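Same chain, two partners: chain A is paired with chain B first, then with chain C.
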Partner chain A sequence: MTEIFEGLRAAFWLVIALDPELIDIALRSLQVTLSALVIACVIAIPFGTYLAISRFRRRRLVIAVVNAMMGLPPVVVGLIVYLLLSRSGPFGVLGLLFTPTAMVIAQVIIITPLIASITHQAMRELWAEYHDLLISMHTSKWQRVKTLMWDGRRNLLTAALAGFGRAIGEVGAIMIVGGNIDNVTRVLTTAIALETGKGDFALALALGFVLIALALLVNFAIHWLSRTEREGLW
Partner chain B sequence: MIKTLTVIASLAASTTFAAADDLKLAVTTSFENAGLADVLLPQIKADLDLDVQLLVVGTGQAIRLGEAGDVDAILVHSRKAEEAFLAAGYGTHRREIMYNDFVVIGPKADPAGIADDGSVIEAMQDIAEAKPAFVSRGDDSGTHKAELAVWASAGLDAAGFGDWYNAVGAGMGAALNTAAGMDAYILSDRASWLKFGNKAGLALLYSSDPALFNQYAFLPVNPAKHPHVKNDLVLQLEDWLVSDTAKDLINGYTIGGETLFVFNANAE
Partner chain C sequence: MSNLFPLRLCDAQVRRRGKTILGPVNLELDGQGLTIIVGPNGAGKTSLLRVMHGVERLSGGTVQWGMNDDHARERQAYVFQSPIMLRRSVADNLHYPLRLSGMARGEASPLVADWLARIGLQGQRQMQATRLSGGERQKLALARALIRQPEVLFLDEPCANLDGRATREFETLLLATRDSGTRIVMATHDLGQAKRLATDALFILGGCIHESAAAPAFFETPQTPELASFLRGDIVE
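The block that comes next holds the complex of A and B.
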């Protein structure tokens, strides 16, 4: 128990003192996760919406696969991305292993199915409502996707935030593909794993509290920017 | 999709051009945990203007990284594995740099009674006889291999041990955490033990048998196998590691007044 309070105190001082190394690590965490989130959203949201409005053969199979991929173990994703990017792997010439880019790639693979699946669930219900209207207006498929994406933006925000949550707290995959190199690929979660390994629980916990605070901040910021969860604005 | 690729490309570009001269060196957890890197790396940066990026992994993985060409050189401590690495042509040569030693850690009460043993062989036999909880790294690292070698030299086979022998498959720090939680015996390198923050009921029980000395060697990855490795930078780093500057820093490095590493490189 005392260790938790010590961790809180250490976190407090780290933040108050604006420890340059901490800021560096926290910013890198944000940079990697937000890059991955943007890329994943660009892929997953139109894809999830498309899945909701179109009917094609094997549609059920595709949906089942996307849903199943939500449970992809990050360590396995990390290992596969590692083997692909390794110098002796197919994409080795790019020299991307142990760079932040490699971490972004791994996180995109982890969170894209999650965002696509939540998007699909939300859009399916919206589509049931909009179906007759949009069909009668002779809209093109792309127009339907755009309309649903715009009118369902609040649900999509939830999907994106779920993706952000999974990515910012992820450690297994980015440890493997990033290598936890000081000043290059060390982020909050890998730093926590490192400090735990050294038996420095107070510092590890302090970093953990900083991570939680960062996740809260991003959530608040997104709600503020998108003006959701406010009275009279629904 | 184009947007995606642009983002990926720009990210790749920003990471590639960030630093002028850098190389990737795979090192073992015991080296990093000792904190020696924090002393050496700033001096290397000052003398050579070289950013050494450390990948901290077990010896087993370090060797895999070298074989795949994902790092430019490795600094490890497992002679057999190093020789196999060279024999297969993955490295150009092996340069001994320094050594430290392993210590046997266990519960303060010392139920197996190893504290006053005359040799590490005797200590390991006492442990195998008393069967107290024992934590093994079990991750194919240099320390794990050293532990297995010590059991073998005592005429014992770790594979045949019962429930008291716990192979955790983790790094030195995580394994020490487990040993602290179980009040178990464990073989650790001295530096990791001294730096370890969660000692709980454990104490250093046995050390200083020459059989526990642990030689670190530097092996450049063979540019003939992997043309992209930065061999000229690696050779600069090697020259620095065997220089007098490195010698003074390594021999002068202490934790709590104890010297950890002994420099023993040949200057050629």
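The block that comes next holds the complex of A and C.
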């Protein structure tokens, strides 16, 4: 128990003192995660919406694959991205291994299926509601996708926040492809893993509390910005 | 520019899972008046409207407008029995069809304001459309259908869930629309409403057009015993 209190105290002092190293690590965590989130959303949200409105052969198969990929083990994703980006791999010439970019790539792969799947679920219901009207108005496929994305934006926020949560807390993949290099690719989660390994539980816990606070902060900020839970059901 | 009318249905048929829902129907519709479709539940009123509108897959026969289908579709509008409200403000619901056809927001605003005034919802313009009452929703759905100035308007029992006052307001809007030259085809259950609005009428039974005539004659001197008993209020199957 004493470790937890010491961790809280250490976290408190780290934050109060605006410890430069902590700020550096926290900002990198945010930067990597938010970059991955933006890229994943740009891919997953239109894709998930398209899946909800279109009927094509093998559609069920595609949906099943996307759902299954939500459960991808991050460590395995990390390993595969590592092999692809390593010197001898197909993308070795780009020299991306052990850079924040590699971490972003791994996280995009991990959270895109999650966001696409939640988007598909949410948009399916909205499409059932809008179907007759949009067909009657003679809308194009792209107009339908845009309409659903706009009117379902609150649901899409949930999808994005789920993706953010998964990415910010992720450690296995970014440890492998980032390498946890001080000042380059060290983020909150990999730092926690390192400090725990070294036996510095207070610092590890302090970083952990900072991570939790950061996640809460981002969630509140997004909710506040989008004014959910304020007016009406949606 | 070619004309939208006449609309010709030639042996149009809709079958689903081996059951004939509609047809074969032969029908020609010209550009004047307000046609009422009456008939018992499940007779095929909705299917007929959807076939004419071009959103129902045909199992046989043809539906031919005076111009190609894509252009014809842009000149039609459809109002559903239970209005589908977009999850946006009342004003944005009216903006939506105009934006679809590429009109700029600034250009659309006066039109939207005009229609809001006509349906008496200026006060609720910023309200979420899904919070309107049933009557207000149906009026908004009608305005949204009419704002693109369609040449033909289909309505599927639009007043089924409305009370007397809301129905009267709705009918007033509808008559104004007819008088401005929009062709109207409407299915209804309400014989009083049918008599008030119709310039001609169709009686549908078992998926086929059983009888059709111009308005007063249709209601006063029915030619078939089925229509006569339907008009008397008997149950016809």
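Throughout what follows, the second predicted complex is superposed on the first by the 230 of 234 C-alpha atoms of A that agree within 3 Å, B and C clash if a C-alpha of one lies under 4 Å from a C-alpha of the other, contacts with A are read in each partner's own complex, and residues count from 1 in each chain.
Note that in this section a contact is a pair of C-beta atoms (placed from the backbone, for glycine too) under 8 Å apart; a residue touches a chain by one contact, two chains touch by 3 or more.
Because the structure is predicted, anything quoted here is derived from the model rather than measured.
Participant: After the superposition on A, what does A:P100 contact: first (chain B), second (chain C), both or neither?
Facilitator: first
Participant: Scan A:S136 for contacts with chain B and chain C and give back first, second, both or neither.
Facilitator: After superposition on chain A, A:S136 lies in contact with chain C alone.
Participant: Does the superposition put A:D151 against chain B (first), chain C (second), both, or neither?
Facilitator: The answer is second: A:D151 touches chain C but not chain B.
Participant: Using the touch definition from the top, say if A:R58 reaches chain B (first), chain C (second), both or neither.
Facilitator: After superposing on A, A:R58 lies clear of both chain B and chain C.
Participant: Examine A:V184 and indicate which partner it touches, taking first as chain B and second as chain C; both and neither are also allowed.
Facilitator: first
Participant: What part of chain A is in contact with chain B in the complex they form?
Facilitator: Within the complex, chain A contacts chain B at residues 35, 38-39, 42-43, 86-89, 92, 94-101, 104-105, 179-184, 194, 196-201.
Participant: Touching chain A in the complex: which residues of chain B?
Facilitator: Checking each residue of chain B against chain A gives 3-4, 7-8, 11-12, 15-16, 24, 29, 33, 51, 53-56, 67-70, 171-174, 176-177, 180, 195-199, 226, 228.
Participant: Within their complex, state which residues of chain A touch chain C.
Facilitator: 126, 129-130, 132-133, 135-139, 143, 147, 151-152, 231-232, 234
Participant: Which of the residues in chain C end up touching chain A in this complex?
Facilitator: It comes out as residues 53, 55, 70, 73-74, 77-78, 80, 84, 86-88, 96-97, 100, 128, 130-131.
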